[in-house]
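Each of the next two complexes has chain A plus one more chain, namely chain B in the first and chain C in the second.
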Partner chain A sequence: MTTKKEARARRALFGAGSYHGTGILLAVFFLAPFVITILSSFRHGTEARLPPIPPWPTNGFSLDAYRSLDSFGAGVWQHTLNSAAVAIGTALLTVIVSLLAGYGFSRYRFMFKNALFVLIIATLMIPFQSILTPLFIILAKLGLNNSLIGLTLVYVTLQLPFSVFMMRNAFDAVPKEIEEAARIDGARDLRLLVRVLLPLVLPGIVTVAIFAFLNSWNEFLAALVLLSDNSKFTLPILISAVRAGRLGAIDWGAVQAGVTVMSVPCLFVFLLLQRYYMRGLMAGAVK
Partner chain B sequence: MTLADSLSRPTRRRRPKRRSQWKGLLYIAPAMVLVIMFFILPVLFTFWMSLHKWPLLGVPRFIGLNNYIRMFSDTRFYSALGFTAYYTVIITIAIFALAFPLAIFVERQRKMVGVYRTAIFMPVVVGLASASLLWVWFANVDSGFLNPLLAWLGIVDLKTNFFASFDSAFFIVCLMVVWKVAGFTMIILLTGLQAIPTELGEAARIDGANRWKRFFYVTLPLMRKTMALSLILSVTGSILAFDQFYIMTAGGPQNKMISVVYYIFNQSFVSFNLGYGAAMSLALLVILVLISIFQLWLLRVGEERA
Partner chain C sequence: MADTGVQLTEVRKSYGSMEVIHGVNLSIPDGAFVVFVGPSGCGKSTLLRMIAGLEEVTDGEIAIKGREVTDVDPSQRGIAMVFQSYALYPHMTVRDNLAFGLKMQRTDKAVIDERVAAAAAILKIEQLLDRRPGQLSGGQRQRVAIGRAIVRQPEVFLFDEPLSNLDAELRVSMRVEIARLHRELGNTMIYVTHDQTEAMTLADVIVVLRDGRVEQAGSPRTVYEDPDNAFVAGFIGSPRMNLLDAVWRGEGKVELGGRAEDAPIAGAGLTPGDKVTFGLRPEHLIVGAAGGIEARVDVLEYLGGTRYLYCQLTDGQPLIVEYRDGPDVRSGDTITLGCPSDRRYIFNEGGLRIR
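After this line comes the complex of A and B, so read on.
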């Protein structure tokens, strides 16, 4: 009897051991590249071209890699600012536009309502990679070529199918009685939307904002095509230029610093708002 | 929804219908303007451009279907299509081969499972460009981490340049993409796994089905819809691959790693054959819409049987 119990306990312990062993191994595989890159980026300038063995700074903590990254383009601050402006601008505009559209689609009746909704969602089927050439020309005609505003507008458009869908669902979930009550109290239209309904659809807004921020912060091809002026480059374009090398030599320290600057905000936003991110993912998957 | 609408309408104070129509349109107007301006118009414009010889500067000249004739006889376009198809097949298999076991691993609610899920998912939230840059350094022969690691494990020579030959460079790119994307596919598959009622597995176990039988005859058939979705996401994503080849291999040894999007990019924005680029973009668009339609069909088939 006792031996049986012991055997079961031993098996459970072994099971838990192999479970956690596998888990830790997987976590290392998926996280180690980040940890090694971030640690390596703080090595001394003389170590930058050496393999990261060990990955942490051995000659003391140093910002050399960031200093040399700063010597590319218009300086790392300028490019971080470009990326931040585009990403935050995209998030804000996407929220505003999809909030209004989601409200309109959820609460109003008008001609071609369903057709227009399907039209917005259907753009998901068309990859933006296939319309970059005309986009380039249309933006030039509008005087928005090589401009961060033009790029932001393109990014907002790319976010709309997902965001409008999310926001319409968010409004659909709000009981109509709340609106009726607010109407009786005299709140109408935009005031009703902002004062009464906005707090109720806030989780949807956060989800929409996170996806808009991350996608536009990380986007590469459109930025590569639509921005031609060096000082306008967003971070991914800058760092890929660093990787391409200068005078035949590649400054790997600057690449490590660049990857750190690009990925840390994403990891931070994700860890902070994981719940909302996963909600968006599930909504997309279930749809 | 519609029932609730029609029930609640009589109690509501009737307002002039036309006014509310205009209001609704007003709310969706900004979204519509953006979608028309930066999506519908470009799609139509792609077609128009594809009928022209369209240089960056100077006047476009109408040349009818010549761009399409050129496309069908362009061997480099075919090799780009071929390479893209090859990449799509390999990477999709690789992603699923890892993501499925991962999804099963993190399915049950156990201690630390949230931590493991989050760790596996982390690479998904950084950009493909960041991941490419990270791994191109990682796999660099002089300054990287992979050579010392693999040499220490005795797998390769310390001085192996991964980016010198097609196969090893392709392997590194795939390794990066799997590392970056597996967590995403894992989560999608996880939603499918968790939607399966546990009673079904229990019933099969009582009926004497072993673990593998349960997986093949209970789990897999019930996951058809989720599988179709993640499969299509992976396939369409891979067909549009660009960042990893541009950043990591710059087209690869002997230009063997030029994907379709990369080739269109080169024709449009390096050689400035914008009209020809538009024709190929339209071909790509048709291919992807066909795949999307196939996806919808696949999903519908799954629905009917479920």
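After this line comes the complex of A and C, so read on.
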């Protein structure tokens, strides 16, 4: 009997070991680039120009790379603020519009509803690079070229098809009875949407917000084409300028610092919102 | 009209060109427990939802306590509804679920607390008030859903198959509880179900619906003992009434499987040779009656207190017999069946009862 018990214990240990071992290995693969980048962004100015092995600072920590990054463009703060304004603005606007559109597409009956919905989804098939020129012309006509507001509006437009689709699905998943119960309880229109339905589609909203934020935070081409003023550039343009180097010399330390500055907010946004993103809130509503 | 709880006048509902409710007239006395039954798709839920205001009325009028509410918002009709799927707000605690409707009406906080506490006491859910629906069992969720209806203090309670999601045991206890609730509150209640045990046990009035029409409305006893037509006769009662093809012979006789059987009617409106339907309830058939109808037992179901015999008449028509006690019967046996004459039902070719 003891041998059987031992064998079972050994099997369990092996199972747990291989499970966690694989997990740790994968985590190392995913985390290594971040760790290497962040560590090497703290190397001394001279050390930063050397081949990056080992990747960590050998002569003590220094903020040289960040100082050097700040000397590019209009200063790293200005560009970070630009990026944050555009990304947060995009996320907010996208959520508001797609929330209302998703609700409408999910719950109301109107003419050409399905045709319109297919049309919206179909725009996903158009690579946005191909409409960059018309977009530029439209923005110029509206007086919104070279402005962060114009760029935000373009990002919202690009983000909307996916977001509307996402929110329609989120609303479709909410049982009709909950809405009807709320109507009997006297909640109508906006109050119904905010007090009852909003908490139920929160995972959808968070998903839309995360995608809108990350996509607009990282977007490069449209920002490069639509913005022409140095002080209005967003972070990806700054990084590309840093990466292009000055007088043929590339400051790798500054590049690493730039990458760090860019990835930290994304990390925060995701960590902050992921618990809503993961959660199925519908449990217990029906059945 | 003060003693009319709910009045439906020529109520119709169409989706596009398809009419699903065909001019329903119904007067529900104040304080009555009314059950809508019918096969699925008969429009019973649609009718309930029209009373609730969740479905628009295409034509006709609905009045609650003498007030016309055909185009009134659901929240202003003085109704409360309990859904089959409970439809609790999953992001709110039980307390907030109960209070939500009152908050929407901007009721005073003290009044809300008082009513929530009262409803919780009635349903014995006081200890659950701070939980969320996700942490409750099915029966508890259904109690909360009923509680949400109670706090609104409605004129009329509407139940849309409230017990269908519960397991058999819980269904019985909740059924008793709903009956108790009706006795305590005394409100008009309209209850939709396809379960005829629920219908028979709860109802003061049963409304049998088919294809958007009222087939019969009456007390459980009336619809069981004195059905207006073959549909109601077959729908109410379990196992269902045996509806056998027969021919009217005149002078109080029908021909069934080549034999003449007594029929308890004068036969007004029938001429000898007319096809009729001969209705016999399984529980009224007496096995071993001398000179009765002959039948061969095909299958036998033993249920402890009773046995169901699935038989075939000599002309091949199927027949179910409920057999309580007596000598053993085995499949393959031939038995003779009798039936008291006041338990024999005759329906004409259109399915209408001939009395």
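Just so we're on the same page, the second predicted complex is superposed on the first by the 235 of 287 C-alpha atoms of A that agree within 3 Å, B and C clash if a C-alpha of one lies under 4 Å from a C-alpha of the other, contacts with A are read in each partner's own complex, and residues count from 1 in each chain.
One rule holds for everything that comes next: a residue touches a chain if its C-beta (ideal position, glycine included) is under 8 Å from a C-beta of that chain, and two chains touch if they have at least 3 such contacts.
A quick note: this is a predicted structure, and the numbers were derived from the prediction, not measured.
Undergrad: Who wins on chain A residues touched, chain B or chain C?
TA: Comparing chain B with chain C, the partner touching more chain A residues is B.
Undergrad: According to the stated criteria, A:I178 is in contact with first (chain B), second (chain C), both, or neither; which is it?
TA: A:I178 sits against chain C, while chain B stays out of touch.
Undergrad: Once the structures are superposed on A, label A:C266 by its partner contacts, choosing first (chain B), second (chain C), both or neither.
TA: first
Undergrad: By the touch definition at the top of the document, which applies to A:A115: first (chain B), second (chain C), both, or neither?
TA: neither
Undergrad: Just chain B (first), just chain C (second), both, or neither: which does A:A187 touch?
TA: Once the two structures are laid over each other on A, A:A187 reaches chain C alone.
Undergrad: What is the contact status of A:L200 with respect to chain B (first) and chain C (second): first, second, both, or neither?
TA: second
Undergrad: Considering only the touch criterion stated at the top, classify A:A249 as touching first (chain B), second (chain C), both, or neither.
TA: In the superposition, A:A249 touches no partner, neither chain B nor chain C.
Undergrad: Is A:Q129 contacted by the first partner chain B, the second partner chain C, both or neither?
TA: In the superposition, A:Q129 contacts chain B only.
Undergrad: Share the list of chain A residues that count as touching for chain B in one structure and for chain C in the other.
TA: Shared contact residues on chain A: 180, 281-282, 285-286.
Undergrad: Under the touch definition given earlier, write down the residues of chain B that touch chain A in their complex.
TA: Spelled out, the residues of chain B in touch with chain A are 1, 8, 12, 20-28, 30-32, 34-35, 37-43, 45-46, 49, 102, 105, 110-113, 115-116, 118-120, 122-123, 125-130, 133-138, 140, 142-145, 147-148, 179, 183-184, 187-188, 191, 226, 229, 236, 240, 242-243, 246-247, 250, 261, 264-265, 268-269, 274, 277-278, 281-282, 284-285, 288-289, 292.
Undergrad: Across the complex, what residues on chain C touch chain A?
TA: The contact residues of chain C facing chain A are 52-54, 73-76, 79-81, 83-91, 100-101, 104-105, 132-136, 138, 141, 148, 152, 165.
Undergrad: Touching residues of chain A toward chain C in the complex: what are they?
TA: So the residues of chain A in touch with chain C come to 175, 177-178, 180-188, 191, 195-196, 199-200, 281-287.
Undergrad: Looking at the complex, which residues from chain A come into contact with chain B?
TA: 16, 19-20, 22-23, 26-27, 29-31, 33-34, 36-37, 48-53, 55, 96-98, 100-101, 103-105, 107-111, 113, 116, 119-120, 123, 125-127, 129-138, 153-154, 156-157, 160, 164, 172, 176, 180, 189, 214, 217-221, 224-225, 236, 239-240, 243-244, 250, 252, 255-256, 258-259, 262-263, 266-267, 269-271, 274, 277-278, 281-282, 285-286
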